[in-house]
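Quick heads-up: structures coming right below.
Common to both upcoming complexes is chain A, partnered first by chain B, then by chain C.
Right, the complex of A and B next:
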């Protein structure tokens, strides 16, 4: 009897927590359809803020910056991280402690320390040599730095999950290194590569702090645009652009739910 | 050369060493050049003096650490120390509240049907996939003066009329809890999933009160997950930048804001760098403590991030 009451209380608490988790997002989406300027009252449904987005060049360029940054950095991180992941696997019997420390460093370093370290470094190198002008280039460098560990770890764990004799078989059959990569490694790694790419892409789009400190005047991404719009005083357009980003996450969530279903 | 012969001795063949170098070197070099080197530079900056435009200058000094402790041109002032204490306080409160919310949630998910569990976990995690700035903006909308939540708090007499729940340090705490809840639920869920229910049943058979049953049968078994969660929550919370900046309205700054503000607008790089060193120390002490305790508990290591 007592057990049932406990379970019912827990269920109530669960729904309350869900409300807590989704209410702030729901409010943003709701007010993106608000007909009036007001942030306090909802006066009617309209799409005017979405229409305004399409004619706002700053937002469009922030969107394209976000996409270029995410794709370019993910591709570079995929190549570099893949190599490390394979190296870690192939030489896993050696003492690679220093490499593990190096790979975990970008993950454990607080965002703000990460961001300002790079900013300070880029600014000083730029003053001395003229290289690393703050902009999309420096942002790509910073993003690749925090994406590499995730790619390397995903690729490494995929290799560890494989039967080691597969590697011997490939060598025994006199496959050249190029053939081994093309016909054995890439096909077996494909799922890991796809998930590593999507994770890198998401990390890049989701990042604000590190982007904020390594960006230049012309290279604002969507989160940076939203940040400065909030700081300047809330405009209802932010609700619309934020809702679109929430929508993208919702699509990703449904997608991963479907993938989950198929696996079980 | 000496290094080559050492390599030859250490590795079975030069080819293997070259393979290791070719695969690992690009990434290792990337992280060295673009992260290790910059952080070392930042640490060096902390020991320099503040120059024009907030840029570091050469004479080495401990001035920035003194400034961090509150000693300025006008004598001692508690401003920076307040910020440090506030960061610590906010971190402790938020972590504690996150634990209190996450325990029942993680437990409840394990009691549900196996089919639903992945979806329930996903529901907890999905909000954290949206950008931090947007999530915080959502709370700004909810807590601003004149919103239902604010009016409700006003009618209960918690806040002065027309003040709103935001900006305030309460809003910052709420934002931190919101931001970090999933990071606590996931490791706790992993711990609950492995929980040996026989111990709990034994406790119930022996007429233990629910509190005692929890404390002696459940808590020790979930301690490793709890510790992992605490590290995942407390370390990033201590250096949080976005949430205090937006929800605190400049009144409840934390260490992350103190550091960041020294670098934007050219205030004082060495002071900011000194704050960053403090943050790094907190991070490494937290990770180290976690490793030690995890090792003692056995099996705690695998959950470290």
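Right, the complex of A and C next:
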């Protein structure tokens, strides 16, 4: 009897957790379809705010900035992180303790510290050399920097999970070093690379703090736009943007899950 | 030199049924002999894996490297594959020095202990991997896969995914994947150790049959002396990075060169020789007569008595050494009966074929007859 009560309580907690996680999201999605601009009462279904969104040039440019930043930084981070992950795997028998810590430090470093130091760095370099004018370029560099550890970690754990003799088997079966990368390592890594890309992409789209400190006047991303717009109060347009982002993230998550399921 | 080898291989690898391949291989016998000269390898400062190994393996031979773990057998195999570089010494295959040749340029393939099948590829693509890396066109690859599947009797396994295979099936796929490239030398790193006993003995026979049909040089690594004896043409017993003995299974089993080899081959009846004169030796069992051929100038060493050569019973033929013993333990094994005897306080093992003769019981006093011809002197 007591066991049954415990199970009921746990199940209650489960639903409560889901409620707290998803109710706010549901409210945002619901009100994005609100016919009136009231944030308190739902008066009817309309696509008004989505239409308004699509005719707002500032939002569209913020959206395109976000996408360009996310795709470019994720691709660069994927290449560099992949190389680092492989390097860590190849030299895993050496004692690399502090080096590994240095690579992972950005993961635990508060974003605000990271953002401010990136900004200070870019400003100094810009003052001395004229390079690194704040804008999309500096944002890409900053984003790549914090995405790399995640990619490296994912690639490294994929390699560690493999039978090490597979590398030798490829060589033994006449694969030159280049062919070994092409026909063994990349295909084996594919699911890991896809997850790493989606994770980097999501981190980049989601990031506000670091973007805020490294952006220039022309390079506002969606989170930066939302932040500045919200100072004037929550408009239903913001709900529409948020709903679109929720949708995009959900699609990406499902896609990434499908890819992983197919591979394993 | 690699170009030559590659040429030969790709020549044979085009549209030739497995049977014709046999003759091709025998004609090229010399291309697959192996010579190892003064191979040294150490790991770190203190671990000596190979301590100057000299070994010649004939073309077409089923050669086994036998020894306990850490004896250097796997290191030697990895040096043959090119996965490890020797610190010193040279390696010649088919008359060409390949000490510095990287693994992907050696006409050598390996069946790994873990099988190392690529998880991202189907069985078919696993089999075709080596051919693809060599640039064999897709059509010919398919044909070769079909041929090898027939030769190794893979049947429908080719259509499966790697994760749908059992251990024995993986082993056969790994063998087929290595054979399909028709290497000069095939290396096998304890490929049967992960399988259960029944499957294992079945695959031992099959592997031996494949090797005979192809006439290919097989270098097989194992720590199991029974496996080594069943399969090999010749065996090299290794210990501490040194070769202790090279010989046929019968030579290694019946006339072990050292006490280590004798013990490793499963012999328990080893007795220190304390003194010897002509063909008489003094041991803890007493004074024993040896065959005249065993007479050496060496005063000391070990005396080996193989348990299956002992005669138990009252009537011993003339000229036999006779010992009085007591049966301490008896193991009935069906086809044979094992006795643990004591002579004084020294233990002696005896094995008798179960031919319906008298069975001795625990506690029985028995006369043990030892034929001088069956006694073997073993060096330290």
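Going forward, the second predicted complex is superposed on the first by the 249 of 264 C-alpha atoms of A that agree within 3 Å, B and C clash if a C-alpha of one lies under 4 Å from a C-alpha of the other, contacts with A are read in each partner's own complex, and residues count from 1 in each chain.
Going forward, a residue touches a chain if its C-beta (ideal position, glycine included) is under 8 Å from a C-beta of that chain, and two chains touch if they have at least 3 such contacts.
Please read all numbers here as calculations on a predicted model, not as lab measurements.
**Student:** Mind checking the superposed model to see whether chain B and chain C fit together on chain A or clash?
**Tutor:** fit
**Student:** Can A:171 be said to touch chain B (first), chain C (second), both, or neither?
**Tutor:** It touches chain C, and chain B stays clear.
**Student:** Who does A:114 touch here: chain B (first), chain C (second), both, or neither?
**Tutor:** After superposing on A, A:114 lies in contact with chain B but is clear of chain C.
**Student:** Which angle, to the nearest 10 degrees, do you get at the Cα centre of chain A between the Cα centres of chain B and chain C?
**Tutor:** 100
**Student:** Report for A:103: first if it touches chain B alone, second if chain C alone, otherwise both or neither.
**Tutor:** first
**Student:** Any idea whether chain B or chain C touches more of chain A?
**Tutor:** B
**Student:** Figure out whether A:259 sits in contact with chain B (first) or chain C (second), or with both, or with neither.
**Tutor:** It touches nothing on chain B or chain C.
**Student:** Touching A:184 in the superposition: chain B (first), chain C (second), both, neither?
**Tutor:** Once the two structures are laid over each other on A, A:184 reaches chain C alone.
**Student:** Please indicate which partner A:21 is in contact with in the superposed arrangement: first for chain B, second for chain C, both, or neither.
**Tutor:** First partner only, chain B.
**Student:** Measuring by CA atoms in the overlay, how small does the chain B-chain C distance get, in Å?
**Tutor:** Minimum C-alpha separation, chain B to chain C: 10 Å.
**Student:** Which residues of chain B touch chain A in their complex?
**Tutor:** 11, 16, 19-20, 22-24, 26-28, 30-32, 34-39, 41-42, 45, 101, 104-105, 107-108, 111, 115, 118-120, 122-124, 126-127, 129-135, 137-142, 144, 146-147, 178, 181, 235-236, 238-239, 241-242, 246, 256, 259-260, 263, 269, 272-273, 276, 279-280, 283, 287, 305
**Student:** In their complex, what parts of chain A are in touch with chain C?
**Tutor:** Residue list for chain A touching chain C: 162-163, 165-166, 168-176, 179, 183-184, 187-188, 190, 263.
**Student:** Residue numbers of chain C touching chain A in their complex, please.
**Tutor:** Within the complex, chain C contacts chain A at residues 81-83, 102-105, 108-110, 112-114, 116-121, 129-130, 132-134, 177-178, 181.
**Student:** Looking at the complex, which residues from chain A come into contact with chain B?
**Tutor:** Checking each residue of chain A against chain B gives 7, 10-11, 13-14, 17-18, 20-25, 27-28, 31, 39-40, 80-81, 83-84, 86-88, 90-91, 94, 99, 102-114, 116-121, 124, 141-142, 144-145, 148, 152, 202, 205-206, 208-209, 213, 222-223, 226-227, 230, 234, 238, 242, 245-246, 249-250, 252-253, 256-257, 260, 264.
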